[in-house]
Each structure stands twice: as C-alpha cells, then as structure tokens.
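Chain lettering (A, B, C and D) follows the sequence in which the chains are written, and residue indices restart at 1 in each chain.
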Amino acid sequence: MTHVPLWAQLINVLAALLLLLAFAMLAQRRVLTLINLFAAQGFALACSTAIVAWATGQAHLYGSAALTLLLKVILLPWLLHRLIRRLDVRWDIEGLLNIPTTMLIGIVLVVFAFNLASPIEQLASTITRSTLGIAMASVMLAFLMMITRRKAIPQVIGFLAMENGLFFAATSATYGMPMVVELGIALDVLVGMLILGVFFFQIREQFDSLDLKHLEKLKEGE
Amino acid sequence: MNASGFLSQLLQLGIALLLAPLLVGWVNQCRAWLQNKSAPPLLLPYRTIRKLFLKDAVVAATASPMFRIAPYVVFAAMALAAAIVPSLATDLPFGRAADAIALVGLFALARVFLALAAMDLGTAFGTMGARREMFVGFLAEPALLMVLFTASLISGSTLLPTIVDTLAQRDLAIYPSLAFAGVAFTMVSLAENARIPVDNPATHLELTMIHEAMVLEYSARHLALIEWAAALKLFNYSCIGLALFLPFGIARGSADAAAILGATPVLIAKLALGGLALALIETLSAKMRIFRAPEFLGTAFLLGVLGMLVNLLLGS
Amino acid sequence: MIETLAVLSLPVAGALLLAVVGERAAASRLNVAVSLLTWLASLALTSKFVRDGPLLVVDKLFFVDSFNVFLVALTAFVGLTTAIFSRPYMQIERDHGRLTAGRLRLYHSMFQVFNFTMLLALLSNNMGILWVALEAATLATVLLVSLYRTPASLEAAWKYFILCGVGIAQALFGTILLYFAAEKLLGAEGGALLWTELNAVKANLEPTVLSLAFVFLLVGYGTKVGLVPLHNWLPDAHAEGPTPVSAVLSGLLLNVALYAVIRCKILVEGSLQTSFARDLLMGFGLLSLVVAAFLLSRQKDVKRLFAYSSIEHMGIITFAFGIGGPIANFAGLLHMTVHSLTKSAIFFAVGHAAQKAGSQLIDGIRGLITLSPAIGWGLALGSLAILGVPPFGVFASEFLILTSAMREHPWTTPLLLFSLAVAFAAVFAKVQPMVFGEATAPRVPHRPAMTPVFVHLGLVLLLGIWIPPFLASWYRQAAKLIG
Amino acid sequence: MARPRNLFYVGRVLFSAGALVGLLLAAVALVGMNQVPHTAVLPLGLPDLPFHLRLDALSAFFLLLLGAAAAGISIFSAGYFRASDGAAPGLLCLQYHTFLAAMAFVLIADDAFVFMIAWETMALASFFLVTTDHRLPEIRRAGFLYLLIAHIGALSILLCFGVLQGGNGDYTFGSMRSASLRGAWPSIAFLLALAGFGAKAGLLPLHVWLPEAHPAAPSPVSALMSGVMLKTAIYGLLRVTFDLLQGQLWWWGAIALVLGLVTALFGVLFATVQTDMKRLLAYSSIENIGIIVAGIGLAILFKTYGKTLLAAIALTAALYHSLNHAFFKSLLFLATGSVLHATKERSLGKLGGLIHRMPWVAWLALIGTLAIAGLPPLNGFVSEWLLLQAFLFTPSLPQSFINMLVPLAAAALVLAVALAAYVMVKFYGVVFLGRPREPNLAYARDAGRLERVALVWLAAGCVLLGLFPVQVIALLDAVNVLLIGATVYRPEAGWWLLAPIAADRASYSPAIVLVVTVVVLLLTIQVVHRLYHGRLRRGPAWDCGFPSQTSRMQDTAEGFGQPIRQIFEQFFRIERVLPTPFDAEPRYYVKAEDHFWYWLYLPIARAVDWAARRVGAIQQGRISIYLMYSFLTLLALLYFVG
C-alpha cells in the first residue's frame, strides 16, 4: 500500500464514522436520538468537506462545509427538535421490517455497495477514492431507513441522511463538483428544507399528526 | 335466334301450358283409384280454370296492387320455366337463357311473390301460409339445387339441355350419385308442389295448410292463374325429374316442330308414369306435422349434398 | 446570447414581479404577458438557431442544439397556452372559494418559476445545472400540487416530494459518478460536467463508471419521467393539483425529465458501445406501457386517468428511444412533441369539464357535449388523438414506433399493440359517457377558454399529416445525435 | 354560430353537391378502370413517407362503387336530415363528407401510412355519425363497441403492413409488392389482414359491432356504412391478398371460404329472428359480406392451383356482389330511413301496411328486396349465380380435402341464399304489406322528392346491374387481369348472354328472362281481360270466414322468424318471457342474442379486468412501499451492472 497522507486518512476515518452513524440511524427508533445522530453525521460531513477544501485548496468547498454545518448541524436539527417537541412524536412505530432484519439487510447492502464501488475505485485518480463505496453504502442505508419508517419526521431524516451521503460522495470522493453546481445544489436543499417545514405545518394542520398512515388514501389496490 | 327455333319454343310452351292441368287431373284420378274412391273427371282442372275465369273477382278492401299483380308474375315465371325446361327438345332458344340455377331462382321468384301477396292482406292465415311456404322453401330450394348440382357435376354443365344431352348420350350407366339425387329430388318435388306428406292440396283444414293458406283470399281469374301456375309447377318439376333421371325421348339436335311433336307422346307417357308414382307416394304416406317438414327437407338436402360428395368420391 | 438569456430571465423576472404584484386582477394578465414574452423570446432563439446553427453561450454554460431547440419552443408555447387557460380557470376556482388570493399569488409566481426551471434544464449545458433545475422544478411544483391544501392534495404533494426527492437524489449520485469519470479526462475545473465536452470525449469515458452512473441517473430522472415502477407519485400529483399544473406536469416536466435521461443515454452509449442503455430504456418503456394500460381501466378520477395515460405515453417514448436508430428516435421526438401538446390540451378540457360538472370523478361528468359543445368536442378529440387515432400526430409517431419495433424487435409488437388496444378500450370507455349523453350537472354560466385546446389539437392534427421541413430536419439531426 | 335553419339549407346544397362529386368520382373511376395505374405523391405525411396515391383497376372499381352509391345516398341525405334530428346539420354534413373523403382516400392510398390515416379517419367520422343521437345509452354503447373493434382491427392491419414490408422499412405499397417474405410471414400477414379487415367487414367473430352500430346511425349513414364502408374492408383484403402478397397458399382460401360461409349463415340466421328493421338489415349485411369473402376465398383457392379462369369467376362474383350489395343495401337502408321518418318507428312489430301510405318507398324497396333475396332477373342473382358457377366447375383439385369442401361450401352458400329470401320476405311483408299494426301509421307520408330520386337511382342500379351482367363483367375484367391475370368476359357469347366458361356449360340471360316474363305477364293480362272480363269487386277479406279480424292477428316479425328460431335453437342465446294464464297484463318477450358475446367478448373483458385488478394491487398508497419499489429497482439494476 502506498503512502496515504494524513488528511486522506482522516477522511477515511470520517467516512467510516459516516457509515457507522448511518447504521445507528437505521437502528434507532427514538426520534430525538435520530435527530442527534443526523446532526452528528452532518458534522462529520462538514469536517470532511473542510479537510478536502484544505487539502485541494478549493475555496468554494469551504463555503460548502460552512453551509453544511449551518444547515445540517444547526438549523435543521434545531427545527426538527422544535417540531417534535410541539407535535410530541418521540417514538416511531416499527414499519415493514423489525430492526434486526433491517440491520441484516443493511449489512448486505453495504457489502453490495462496496462490491459495486470497488472496480470504480481502482480507476479513480483521487486518493480518497475508497470513500465512494462508503458514500454509496450510506445512501443505500438511508434509502432503507426511509422505507422502514412510518412517520413523516424519521422519513425526512432519512432523506436528509441520503443527501449527506451524496454530498460526501460529491466532496470527498471527487474533491467537489464545479462551483456553480454546488451552489445550485445548496440552494435547492435550502429551499427544499423550507418547503418541508411549510409542509410539516400544513400536514399537521390537516391531520393533527405526522403519521404517514394518514397519507395512504390515494391508491389503486383495494 | 331464328324463326323456326322460336316457333319450336312457342310450341313447347304451348304444349306445356296445355298439358299441365291434365297432369294434375291425372294425378288426382290415379290417387282416387288408389284410394278406392270414385275418380273425378280427367279434365276437371280445365273446367275449374275456365269456371274461375268467368267469375267476378273479389279482392279484399285492404289489398294493394301487390295482391293483384302477384298471380300474373307467378304465372309468367312458371310459363318461362316451362319454356326453359327441356321437356320436349334440348336445342331451344330459351333453353340457354336460364340454367338450372336460374331456374331455381325463377321458382324462388314465384314463391316470393306468392308469399308477399299472401302477406298483403294482413290476414292471419295469409301470413301463416306465407311463413310456412318460405319455411318450406328455404330448405327445399337448396335441396333442389343440390340435386341439380349433382347432375351438373356429372355433365359438367348447369344448362339443363346440356345435362340431358350428356346423360342421354351415354350408355345406360348407373350413377350412384344420381340415386341419391333421385330420392332427394322426389322429396323436394313433393314439398314444393304442396303434396303429402308436407302439404295436402286437397285440404282446407286451417292448421295444416300451406299453399292453400296463401291463396285463400284469391278468387276468379287470379285464382285460376294461380291454380294454373301450380299445375305448371308440377309439370315443370316432373319434366326436370324426367330430364335428369329418364332423359330419353327428348328431341335432341335440331328442334323443329316435327321433332317436338314427335317427342310429345313420349313425354305424355313418361308423365303418366310419373303422375302415377306421385299418386302412389301420396297414398302411401301420411301428412306430417308442419314441424317435421324441416327434418324431411333437411334429409332431402343432405341426400343432395351426399349425392355431390359421392359423385366426387367415386368419380362420374 | 441575448435570446438565450431573455428566454431564461423573463420567467424569473415574471416570478418576482408576480410575487410582488400579488392578488391584483392584473396578475393573471401579467402572467400571460410574461409567458407570451418568453414564448416570443423562444421564437427569436429558434429563428436564430435556424439562421446560425447550434449555439454555445455564456462560457459554454448554455447551449442550443437541434435536440433542445424545439423543446424550448414547445415548453414556452405550452407555458403560454397554459397561462391563457389558467386565467379563466383559476378565476373560477377562486370564485368557487377553493383558492384564496394569497394562494393565487403563489400559483402565479411558482408557475413562472416552474417555467424557468424547465427552460433552464433544457438550455443548460451543464449536467449539474440540469440536475439543479429539475430539483427546483420539483420544489416549485410541490407547492403547486398542494395548492388546494386539501388532505388529498397534501398527500399527493408529500408523495411527490419524497419520491421525486429521493429519485432526484439518485440522479445526483449518478451525476457525481459522471463527474467522477469525466474529471480524469476533462480536468476538475471547467468542462467536466458540460454536456458538449462530455459528448466530445464520450468514447473515452470509463464504461464501468458510466454504466453505474446511468443506472442512478435512469432511476433518478426516470422517477420524474414516471417510468413504472417509479411512477407512483405521478397519478396522485396530477389528480390533486390544480389543472394547469397537471397540464404542465404532463406536458412539460415529463418531457424535460425524459430529455435529461436521453442526454445521459447519449453519453453512456458513446462510452459503453453496447446496447445496455437501450435495453434498459426499452424494458422500462414497455413495462410502463403495459402497466399503465391496465391501470387505465380502473380509474375513477378523470385527471388520474389521463395521468396514467401520460405514463403510458412516456413508456412509448422511452421505448422508442430504446429502439434507437434514426426512425425510432425521430418518432420518439415527434411523440414527445405531440404528446405534450395533446395531453395539455386534454387537461385544459378536463379542467373546464370538471368545473362545469362540479366534479372531477368520471361518473360525475356526463354529457359535456350538450353542456358545452366546445369542451365536449375538445375532450373527445383530444382523447381520440392521445389514443393514437389518425389523422392526429400521435398516430404518426406511434406508426413510426410500431414499424421500427416490428423491424428491430418483432417480439415486442404484439405486446405493444395489445397494450394500445387495452388502453384504447379503457380510456374511450370512460371518455365517451363523459362527452356524450345527457348532461346531469346544471349549466354553470362561465365561458371556458377553449382556444388553447383547439390550437393544440390543430397543431397535433397538422403534425399528423404534415411535418414542417425545419422541424423534420431538427428531428432528424437530433435523432442522429441520440443514435 | 350560424342558425340551424341556415345550416339546413347549406346542408341541402352541400349534400347535393356531395352527390354530384360522387357521380364525378364514379365517372373518373369508370375512366380509370381500363387505364394504366395513375400515381401521385402529395407533399404531406411523414418526411420519409409522403402520401402516395395510386389509382389502378382495383381502386377504380371500388371508387366506382363508392361514387355511385354515395351519389344516391347523398341526394337522399339532402332531403333527409332535418334540424330536429339532434345534431347540428352543419356538423353532420362535415362528418358525413369527411367520412366519404376518407373512404375515397382508403381506396387510392398507396402507402401504409396514408392508408391507415384514411382508414382510421373513416372509422372516426363514422363513429361520430353513429353516435349522432348520443343521448340514448344503447347508441353510445354501440358507438363504443364499433370504434373499439375498428381500432383493434386497425392495429391488426398496421401489424399486417409491418409484416408486409419485410424488414426494408419502406411502407409504400410498391415496395411491399417487391418485398420477399419468407417462411410463415406471408401467412401471418394474410391472417392479420383477414382479422383486421374482417373486423371492419363484420366477419365472425368480430361482427358484434355491426348489428349495434348500423341501427344506431341515421339511415343514410347506415346505408353508407353498410353499402360502402364494409366494401373498403373487402378492398383492403383484396389489395393485401392479391396485390401486395406475392403468391398465396391454398389454405388461406380455405380459411376465407369457410369463414365467409359461416359468417353468411350466421348473419342470415340472425337476420331471420330480428325484430328491428335496421338490425335485420345489419345482419343481412353480415351475410352478404360472408358471401363476398367466400368468393374471395374461392378465388384464392383456385388461383393457388392455377385455375385462373375459375379464380377470375370467383373474384368477379365477389366484386360483383360487392357492387350489388352497395346498391340494394343502400336502397333498403334508405327505405328504412324514409319509414323511420314517416313513422318514428323501427320495430317491425309496430309497422305494416305502408305500401298504401308510402307507395314510392314501398315499390322501390321491393326491387331492393327482390334483389337482395337473390331473385332473377335482378342484380343479386347474377353475383350469386357466378359464385355458384365457380363452385360447380371445380375440377378435381389436387387436395381431396378441398374437393370435399367445395360441395359442402356450395350447399352452405345455397342455404344462406335461400334463407336470405326468407328474411327479405319477412322484412318486406312485415313493413310494407299487411295492415298497419299501430294506428298512428295512418299518418305516414311518402318520401320527399329528393329522397325518391335517390331511391330511384339505387333501384335503377339494382335493375341495370341485374340486366346487363355481360357489360359489368367486361368492366370488372380489368380487376381480374390485375389480380388474377385472367379474363371472364367472353364477347363471342353476345351482349345478352352471360356465359363465363363456355356457352354450352352455363349461361344466363337476364334480359331474356325479364323480357319473356314481362311479355307473358302482359299477354296474360290482356288475354284474360279480353277473353273474359276484368270485373272486380272489393270486399272484406275472407280469411276462412273468421270474423272480427284485427291487424294484431297478423304474423309479427317474431312470429315470422319463429320456425327458424326453433330449428336453429342452439345457435341462439334465447331469453324468453312467457305469460302465464293468470297474468293480468300478459307480456311476451323474446330476445335472441348471439353466443359470441358471452363466449368470447365477456371472458376477454373479464380477463383484462382481472389483470387490471392485479396490476392495480401494486399501488397500495403507502409511500414506504413506493420507496421500496424504487429501491429494489435501483438494486436490481445495480446488480445487473455490477
């Protein structure tokens, strides 16, 4: 194995952390803890973005890191905290699958993602290439989490976690996308979160709860 | 179409018109004999026709011109058929104007007009008669065609003169297909001419009659024409039968007046035999229920088809 | 340059202006005016394209080629007609108390934002910006779908948001992978996400990465296209949103999403040199067609019905691009055009019909032709057109698609024809009683804006019997580009 | 919007102009019959496939049929449509003429695309015409069924063209002619064509729309659909089978023959039990189409065995019958239109005795009735005669199976023809003869002037086509030469004698038949009146002395059909309500339906519904499940790639 610079090792550690947190979120049924885990994941992401920015000297990645910190570590968790306090949704109900099964599937997914990513990683020119598999795995885990949740807030956290995975891929595996794109993405996420917030209130107004079972009326099967 | 041919044609037509009522009289007489009854005079049909012509016609108030025109159409169709059927000679001008299929069409034309006329008045019996007549016809007509087709397949022609020529020319040969056809033809003829077992020309029992129900409202000259046409029909059928199954003695080749007149006695003799046979059949069978008629005619139809198939199987 | 920027900036300006103007009566007129200006700008752009050929402007950030030029014109045009249609429509909705002034302001503003995102997605040369535009389109339309704030509309919007959000996230992953592969050839800065650059080097892109990227991109943008089994948001969103939104969703968004898929497909195919991408497209297309055809017969809501019809047609188009080759691609492009025109026309007619009848349920709409002949005929002809009955343009493209399918993949044709027949039976059985028969609803005194419907249908009819040479040449060039 | 009154006059002018155009079309076609094919390319259509048009003998013949029949029907329409008929006359006029134009384009189309466009436009225009009176649910149902089956048929035709072009991607008919299909492909193309065109023509089992749609449409439209539109399907079948496909197989002929005859028998059987006059005529159309297709089948059969003369005779019979059917069926449908307008009544059970009130219609309809019943010397007989000749002169074909089939087929044909006579007697007798079954029939008025002109035109067609078969066949030979390569016309037999094979084998001279019949008829009348007297008294009908007769005692339509219904009971699905002796209001009701609906169509509908339910089950409404679909799709594809 060739020599890996320290910052790259750091990123790898953060990547592992990211994956770990993704697993933790998958297993977590307490909504409050879920939010905290999400914040932690955001923090890991922000850190790794900052490290990449420092290592590659791309200034706009600092902005990205700051934005991530602001949005995903501070703003959103705070918003969600307020929300659950107001709506009193502390526990999610177990969804389609129970947690051990979910975890098992999660492990299979991780293996799958790593397998998928390994041929690509061989081709990559970046030193942090191995993080691509981790990013993919965490995206998949987030996806799985969204599937298994029955309440709106955990589902949204899953969604956000998926974006974390994506950002991780975008920043760490590829050293960041062109600036225009990053800005656009950031803007979209911001607007998306705002809309989500509006939505939560609308849904709560309508249904007095954020349980997704109220949102199963439109369908084809009997 | 030369003048002598035309004359011969007229001659055959005239003989047919004359002989037809006689045939009816003969059949009636034979039947009476066979049934041990005292026979009506042989010439009674002529007298009946004349008597009817002399009477005043009574036409129902609800009748349309259809009612009055129909007897003439029927008569004309039957007369034309009589001119076409090679009863006396094969080489006649009109003989080619209509082949076997057209002949059947001509009979159908007469039938349709009679049925329409019967429906014209809107009487219960008239419409019933028309319905039954068409009902008999829809099976009898195909059966007759099948018979004619069998003969056509043997001779390779649908023209009756050619069929007769072909059949008469050959040595006496037994055509198994013609046997089927013969039986079928007999059955069809009975049905078509309102004979027992399908119909009874002598009845006026409301529920069983077919032909009589249709002509119930006719009187005087109209009735006379219809009776005459019916007689002509019997005559035509007999002649067709004779031409197909006993094609001997018909003037072949040149058909001048002498040849026609020469063939007439043979025809009368054959008709006498045929009439006797008809009377025999009528005596020996019983009138069947109207709903048995399709079975009877269906059998005839099937026999006709079988005749064709046998012909194709065994070769002619 | 000017034209491109005008096309893009006009809707943005319009959105801001409308957000400011708010609930005044002039708002809807302003909306039309902005859309009209946008359309005129798009015409100017088109004529410039005709004159000068492909454009590449603003540091290669935007481009116009034969593939997107007609889509830009079409998008601007449908945007205009929808704006015209929505003027009386939304007024009536407001009169009926279904909308408040504030919501109308939101509607007008978001409508322009949506138009902007569509045009941006089409004109952008940067695959990342394309993604951003599509995500922004999702966000704009989520607000529009939930405009009525009824439980059903909230549910639909939620599903739309989550499913499309997740989907589009996959597309982002795909884009990242694309960048990952391209960056080696084109360098980190500048051109690595520019489509024209990528297209130039597509043969050298790493096939393993690209095939992986394509899967993510297909699943991502495919969700927006409404490909089965990723389509589940589509009927809900179409049915519960205001009708103008359904019209633009079907008429524009699906097209643009498919456009994105096809752009990706071009790159992937250039890199892979196999039929992998085509096979995937064909599979998704066929599956969408079959499933949608069957689901059509179970619909009770008229907008839902036509939403499934959109899925069906997106399936057909995807299938056509899957077949590939000059004829099938040509047909796919033509079908994109005519489907967009026809489907939006149908939604216009359906919207007015639902207003007239006071119900969106198929059983509640009866005898439109007696109630209002224009609406009735609009719906009847529109439905027949979308069902592929000649002489409308949909038939022309379906003819080409079917014939190409017969030539390239004969085994698919029975399936295609069977689905088309099932779809025909299903849709027509439902449309006929709506159009014909005795009207059950009382006459509502309002004048529908049927001009857009008949203008659209007229265009579709025209395309069915005569394709203008310039359009045909664009289609041909684009077909060649798509490969 | 113009006022309906104005539109009415516009309609009158336009329809008359349409009739003139029809005549013009017929004239052009007449000229075009014997000329080399004209072709044209219009700058419309797809960029790679502009509209190709071509007028050859086959097109010209059907164009002639279209023009001649449409001329009559349009004149009739000019007098027929009234503002009170529901739809706006202007719209009706537009749809009507679109329909006509589409049919004309079908006939001259020379590539698959323009053919399909014209074909479907034709279906669409006629669909809107059928549903003119869309307020009645059964008419809507009829329209739906019609368009659905038409569309399915069109898909089948499209597929057929796809097979025909043989992979070269060129959809002009010219290239299809030169395409070489291998293996089973020609047969597949033929079967697809048979299904597609059969759906339009009303061949079993795709006939179900026909008895629904024809009665639903306004009468001129029924006439146009039955008389002309069905023939476009025949045209298509001929075009594909004889022109586009190179070389046929014997079993295609056998299939067409059997299918045609089964259809003919089926149609006529169902016609006998109908109680609605337009339905009856619709079923009769099924019968006639069956006969035509049987003729085509026979022509294929003979052609494959190299018997070109017989093939030409069979084809001539089919074409001739198409022409005949166009005339007499249009005539009869128009007559029912007049009756309908005069009485507002379609049910045979409520008509009767109209010959007194509507003599023009009645006597002209009689000609149509006799013609359709296949009676000499009218036109229906000629074509049936020709067809039977073709059957009869089947020399032993190499296939023994076919040898057995031909006589059986002849028997079936004869049976169908004989039953047709039954049907037509029923139709004519019940509608026009007898006594009025309802009191309000007394107010029926005869048809207007324009309508009479139309009926006379069509009736004259029936008579002339019947009287001058030799001339018609001389004309038809252009088609025979094109499709078979043989001629039927024998100039040596004389202008008056039809002898297609040889003068001593079969001949028929309708002129002589008519002349002799008329001469005998007139002579008899003269003789009887001269020799005896012409006295006539009017009195009440006797009816075996039965007193107090009412018009209710006549046979009804049900009664007239009852024997047939009884004999062929298995063929019908009969629903019957019989009154009991204790009924206060005794009611008799019988409905004879066909089994196909229950045996074929409903199961298919149920299967589709079942499948739709299954497919619908994937959409459960739960967002988690939807997400799972996306996820699984993603994983599956990734697995596939990885």
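Please note the rule applied: a residue touches a chain if its C-beta (ideal position, glycine included) is under 8 Å from a C-beta of that chain, and two chains touch if they have at least 3 such contacts.
These numbers were taken from a predicted model, which means no experiment stands behind them.
Pairs A-D and B-D differ in how many C-beta pairs touch across them, and the larger number is found at B-D. When chain centres are defined as mean Cα coordinates, A lies farthest from subunit D. Note on chain placement: the centre of subunit B and the centre of subunit C lie 78 Å apart, centres being C-alpha means.
Distance from the subunit A centre to the subunit B centre is 100 Å, each centre being the mean of its Cα atoms.
With centres taken as mean Cα positions, subunit D sits 69 Å from subunit A.
Centre-to-centre spacing of subunit B and subunit D amounts to 35 Å, using the average Cα coordinate of each chain. In subunit D, the positions touching at least two other chains are 613, 615-616, 618-619, 623, 627, 630, 634, 638, 641-642. Annotation for subunit B: no residues touch 2 or more other chains.
Residue positions 158-159, 162, 166, 170, 212, 235, 295, 298 of subunit C each touch two or more of the other chains.
Remark: the chains found to touch one another pair up as A-C, A-D, B-D, C-D.
Residues 53-54, 56-62, 64, 66, 72-73, 75-77, 79-80, 83, 94, 96-99, 101-102, 105-106, 108-109, 111-112, 115-116, 119-128, 130-132, 134-135, 137-139, 141-142, 145-146, 149, 152-153, 156-159, 162, 204, 206, 216-217, 221, 225, 291, 294, 301, 304-305, 308-309, 312 of subunit B are the ones touching subunit D in the complex. Contact residues on subunit A toward subunit D in their complex (touch as defined above): 95-96, 109, 112, 115-116, 140, 143-144, 146-150, 155, 212, 215-222.
Note for the complex: subunit D touches subunit B at residues 352-353, 355-356, 366, 370, 373-376, 381, 385, 388-389, 392-393, 396, 403-404, 407-408, 410-411, 414-415, 417-419, 421-422, 424-426, 428-430, 433-435, 497, 499, 503-509, 512-513, 516-518, 520-521, 524-525, 528, 531-533, 535-544, 546, 549, 551, 553-555, 559-560, 562-564, 566-567.
Residues of subunit C that touch subunit A in their complex: 61, 126, 128-129, 131-132, 135-136, 139, 142-143, 146, 149-152, 154-159, 161-162, 165-166, 169-170, 172-173, 175-177, 179-180, 183-184, 188-190, 192-193, 206, 208-209, 212, 235-236, 239-240, 295, 298.
Partner subunit D is touched in their complex by these residues of subunit C: 158-159, 162-163, 166-167, 170, 211-212, 215-216, 218-219, 223, 229-230, 232-233, 235, 276, 280, 291, 294-298, 327, 330, 367, 369-370, 384, 387, 389-391, 395-396, 399-400, 402-403, 406-407, 413-414, 417, 420-422, 424-426, 428-429, 432-433, 436-438, 464-467, 469, 472, 475-476.
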